[in-house]
Amino acid sequence: MTTAGTATQETARTLGMVQAINEALDVALGTDPAVFALGEDIQEPGGGGFGVHKGLGVKHGAHRVRMTPISEQAIMGAAIGAAISGLRPVAEIMLMNFVHVCMDQLVNHAAKLRYMSGGRTPVPLTVRTATGAGGGFGAQHSDMLEAQLVHAAGLKVVVPSNPADAKGLLLSCIFDDDPCVFVEMTGLYFAARGPVPAGDHRIPLGQATIARAGDDVTVVTYGRQVADCLAVAEQLADEGVGVEVIDLRTLAPLDTTTLLGSVARTRRAVVVHEAVRRNGFGAELSATIHAELFGQLAAPVVRVTAPDTPVPYAKSLEEAYIPSRSRIAAAIRSTL
Amino acid sequence: MTTSTSLDAAAPADLSAPPDPEVQLELFRTATRIARFDEKYRSLMTSGAIGGMYYSPRGQEFAAASVAAHLRRDDYVVTTYRGLHDQIAKGVPLRPLWAEYLGKAAGTCGGKGGPMHVTAPEYGLMVTTGVVGAGLPIANGLALSAQLRGTDQVTVVNFGDGASNIGAFHEALNLASIWRLPVVFVCQNNRYAEYTPLREGTSVDRIANRAAAYSMPGLTVDGNDPIELYNAAGAAIRRARTGGGPTLLEAMTFRFCGHIMGDQQVYIPQEELRAAVAADPLVRFRAQLAAVFTETELAAVERAAADEVADAWEFARTAELPAESELTTDVYAGTAQDGARK
Amino acid sequence: MTTAGTATQETARTLGMVQAINEALDVALGTDPAVFALGEDIQEPGGGGFGVHKGLGVKHGAHRVRMTPISEQAIMGAAIGAAISGLRPVAEIMLMNFVHVCMDQLVNHAAKLRYMSGGRTPVPLTVRTATGAGGGFGAQHSDMLEAQLVHAAGLKVVVPSNPADAKGLLLSCIFDDDPCVFVEMTGLYFAARGPVPAGDHRIPLGQATIARAGDDVTVVTYGRQVADCLAVAEQLADEGVGVEVIDLRTLAPLDTTTLLGSVARTRRAVVVHEAVRRNGFGAELSATIHAELFGQLAAPVVRVTAPDTPVPYAKSLEEAYIPSRSRIAAAIRSTL
Amino acid sequence: MTTSTSLDAAAPADLSAPPDPEVQLELFRTATRIARFDEKYRSLMTSGAIGGMYYSPRGQEFAAASVAAHLRRDDYVVTTYRGLHDQIAKGVPLRPLWAEYLGKAAGTCGGKGGPMHVTAPEYGLMVTTGVVGAGLPIANGLALSAQLRGTDQVTVVNFGDGASNIGAFHEALNLASIWRLPVVFVCQNNRYAEYTPLREGTSVDRIANRAAAYSMPGLTVDGNDPIELYNAAGAAIRRARTGGGPTLLEAMTFRFCGHIMGDQQVYIPQEELRAAVAADPLVRFRAQLAAVFTETELAAVERAAADEVADAWEFARTAELPAESELTTDVYAGTAQDGARK
């Protein structure tokens, strides 16, 4: 189903998010026998919660694309044990809310073992998980929990915004020597399409990218909200406002160089994420920007986030929950 | 197919003894209301009139109806995303239920919960959870509450075969046993967890056999045989109500429509699927009842169900979405917009 | 062992933290038959992880001071089920790191049920849990995780700093109609002593207190760090620096009125907590202060926190991990 | 006291058949080294020379020694906060071990982990966890890794009786069974979880009986009988090594010194405590060995152990605390201060 893993082609094909992630897994499985995937229903016909593993079980074998029972603690524990003994597991936790079912394994064990062992017990595992509001999945299937994981020292946290980045970042996570949580926003699975380099395409962790250059105000965001921010930026360009959009890609460790470099120039920043506001990642971004660029800002950093509520089911409420383009635009305007 | 483990009081002498005809008709009525709701819901999804996710309970109607028939309104039920049958069987009226499924303000939860999170405490439907296995520990708390308050309320918690592999199941059964809680754990074993057949994820042939690990009676019955399940559930519920403690009841059943709306069920061997659907418990039971009730009587039940379902759909379809101001209410106490609603 | 719950005495006795919390539980159990406690080893002789329930099992009965197996999911689930059917459970999760063992019950269920039910299913439960570095307990028994819980809409989060507040806040939590997490810092258990009002003493949730008035700089803190900040404030008073110390007491919902009122006056703020820095509660505080008082501050908000590492075991490292008085003093001076 | 559940290959014909004298002496040596370390550690705590928390394994020496005797250096062990005996039995040298207990830079983990978090991968001591039950799922991962890499390494995970009530236990045993993992689950049943006697928290008489819920062999043996446990563990480990899958082995034992240093054990009936201590397995086994070895030989083992322990204490006592610069290293790869150390 993909050509990756056999030869590196220089051409970039237009792929969707699911295909791009599938390709990253395929390349990793094809490159290194230490890599294996595990998760619920990841073989045919499901290919996992959103079909990301389709075809991989058949191609790489049931021992390397392993179906698990519905046992998130067992999944995460198996990944940790395999990681500390030399393998590179890629575990799927079907939805990010279920990370809370195995939070102890992830945060008390995966994140801490390297440190607690004085560096003797590295944990090179990757957890892939899907989430995001907008699909009518309700309060237990939609939460963005990246801020809680960023608060866990020892974890790396990645949220891609497009297929090429998803492939490149996931490959970097898999071959990284630390535990990485790779957050796939369901809204992107079937919406985002874009050119994706073939082969073993990697994007370094910890590097943000300037998705759009602009001189008047910096919008800092990640994941699904990047597209919304870019759309708003286009719209505001017509009004003569130059919006720079930073796609953080990796939240921990954070690329403060790119972040602060941009805001130092524009002197205005808007932070946009889908997670709730209270102690969301926007708090860390805002605190960092304000403190590091104290006296240099022309306006306070504005946070555009979900309200401090669980994700509502009703369409009318779910739409109001997710940061809209008009709220983003209004926030940007408020800084000018 | 009855199998009992370390059993005793929970297994009545004869599980096949039919209850009163009126009870039988009631089981048929409940199952019919569930099936009609489900069928109409699915047909509306297929036609595009309704969107979203839907976990059909078609085929599992009696797994809900035959258990809930023993419950009082003030007894408690906990169920899952595949919960329509349990919600209806516990007595939640179809109008607000359907409205909740569509996320309307007139829904049981004002549209904020949705199908995976229906609660209707006034009917004893206490929790619907979207997290596999998470309902079991909560059911213990409901049962404990009855015990502490000195009532004889019983709690029934429904879950799937796949849920028996998650940690919460283990912790809940152990605690219920130790505390002798008035709770009945009903595993609706439909042989598949998503696309995974039972044996691939579950290290035991009969989930009821796991009861022995908690010194609890465990009983596997044919959940598609309304009478057998009715009798088994009655014994377990009586046992709980009279201080005898918890039971693990495994009701063997089948999901006719796969895991989720749109599931093509290619992973199920064709004969297995064909045989299961051919043995549709609703059709079978109707045929059985024809010996006791007239065709007119049975048809009346079916017509009433169809009418009620049509009315509920009309109600829900035309109901309003919640106002945007509802977004930030109900997070904490005292933040409800509409005091009257509570 | 206490007189509380029988008659309200106006005299305040000098008690330690453990006694004060014990008294709150005793009063609650004595006041309302809906209240009960559950947790591991909470009957004699343990009285729970740190002896907080000593004597209560004997006095109020084993059915209301309930021993549980080592099953945090079962404990939290039992509390939720009891709460939604009319009782007021007070669950002990022995150490805060074990909250991660039952995070799904707490965050996906307790926190969300009221909202998901459109207000029909309130969850009036209290979770008490102990934590904090400094005891040589190592990386899995010491974490301050309040920021992760503050990020969960629907929860209330309380961290008392002294015995009187502990008693008054715990009673308010127990009789509050929402799920409250009450965080007891182990360092305070045997250190903090102070006057504690007898009887049904309550302190409203969501209200910070000014632990010490001052005009030059506001130090915002909570829990065990309050005493350190007060000590530093005394020390700086000798140098002529007026330090105002705000003890937040409740983190969610946050008393922004007191917080911003103080900083608006002093124009300088230092935030101090023991949790790691990255997306700690200090981020939310700093972001809020900077944004709300933009242009009014004389210096950037400084965060004094643990570094972004697990809690180390070695004494030399654990001491360096915890915000020290000298680091707090230096941070305050840096704002002047 | 052997009881076997749904058993077979894991139970050898005669659990009481003594192994070679040299093996017996080795068991005695390991147990003696553990006991001497523990005694000295406790006496130093009592005198105030050492502070902190300490979970003594005194009384449980053979639960570790008789199992680990079958393990190769490249086999894996996972243990808990009460882990000293398992750490020593797996071969971790006493000097860096003691240094880790004191949080010194020369410790197995540079002092950063401490007693509850010792790892020494070069000796196969892979994880020590402070979270009850959390080691079991990780042990599966180690076993899976061996399976995937095609080696015949075996993983042993040790845990307490109380740990058998937590969700992670259930998920781990189910997965190990389904995947036929080369793992042995060793429950060191010392009859108490903190201050809670077994029956108050655990809904089954014998924890090994829970193995049936996972179609896994389960075996309860006298963990204080070095020979019986040696034989049972040998069978389970051979079974795992040769592709036979997991076993749940319950070793009945006793904590002589209570849950934690300072525990007065007032909650244990006096006769129970007296009888257990009187039956000190180390004393009993020494008496047994006197039929095979001379007093001189046994005393030499004891003296060597005492010397080794004294040396380890001296090493640890005089070792340096880690430099403050170590605080922020080892969070991520590539952040170690001292490349040579790794």
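In this document, chain identifiers A, B, C and D correspond to the written order of the chains, with residue numbering beginning at 1 in each.
Keep this in mind: a contact is a pair of C-beta atoms (placed from the backbone, for glycine too) under 8 Å apart; a residue touches a chain by one contact, two chains touch by 3 or more.
Bear in mind the structure is a predicted one, so any value in this text is a computation, not a measurement.
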Chain pair with more C-beta contacts, A-D versus C-D: A-D
Centroid comparison with chain C (C-alpha atoms), farthest chain: B
Centre-to-centre distance between chain D and chain C (centres being mean Cα positions), rounded to whole Å: 36
Chain A-chain D separation of Cα centroids, rounded to whole Å: 40
Separation of chain A from chain C, taking each centre as the mean of its C-alpha atoms, in whole Å: 32
Cα-centroid distance, chain B relative to chain D, in whole angstrom: 45
Where chain D touches two or more other chains, by residue: 110-114, 117, 129, 131, 165-168, 171, 174, 178, 200-202, 326, 331
Junction residues of chain A, two or more chains touched: 68-69, 71-73, 97-98, 101, 104, 108, 112, 115-116, 138-140, 153-154, 307-310, 312-313
Chain D - residues contacting chain B, complex: 165-171, 173-174, 177-178, 200-205, 209-210, 212-216
Contact set on chain B toward chain A in their complex: 51-53, 103-105, 110-117, 129-133, 162-163, 165-167, 193-196, 200-202, 264, 266-267, 321-324, 326-328, 331
Chain D-touching residues of chain C, taken from the complex the two chains share: 40-41, 44-46, 67-73, 97-98, 101, 135-141, 307-310, 312-317, 320-321
Parts of chain C lying in touch with chain B, wherever the complex brings them together: 36, 63-64, 66, 68-69, 71-74, 76-87, 89, 104-105, 108-109, 112-122, 153-154, 156, 176-178, 253
Chain D to chain A touching residues, read off their complex: 76, 107-114, 117, 119-121, 126-127, 129, 131, 134, 136-146, 148-149, 155, 167-168, 171-172, 174-175, 178-179, 326, 329-334, 336, 341-342
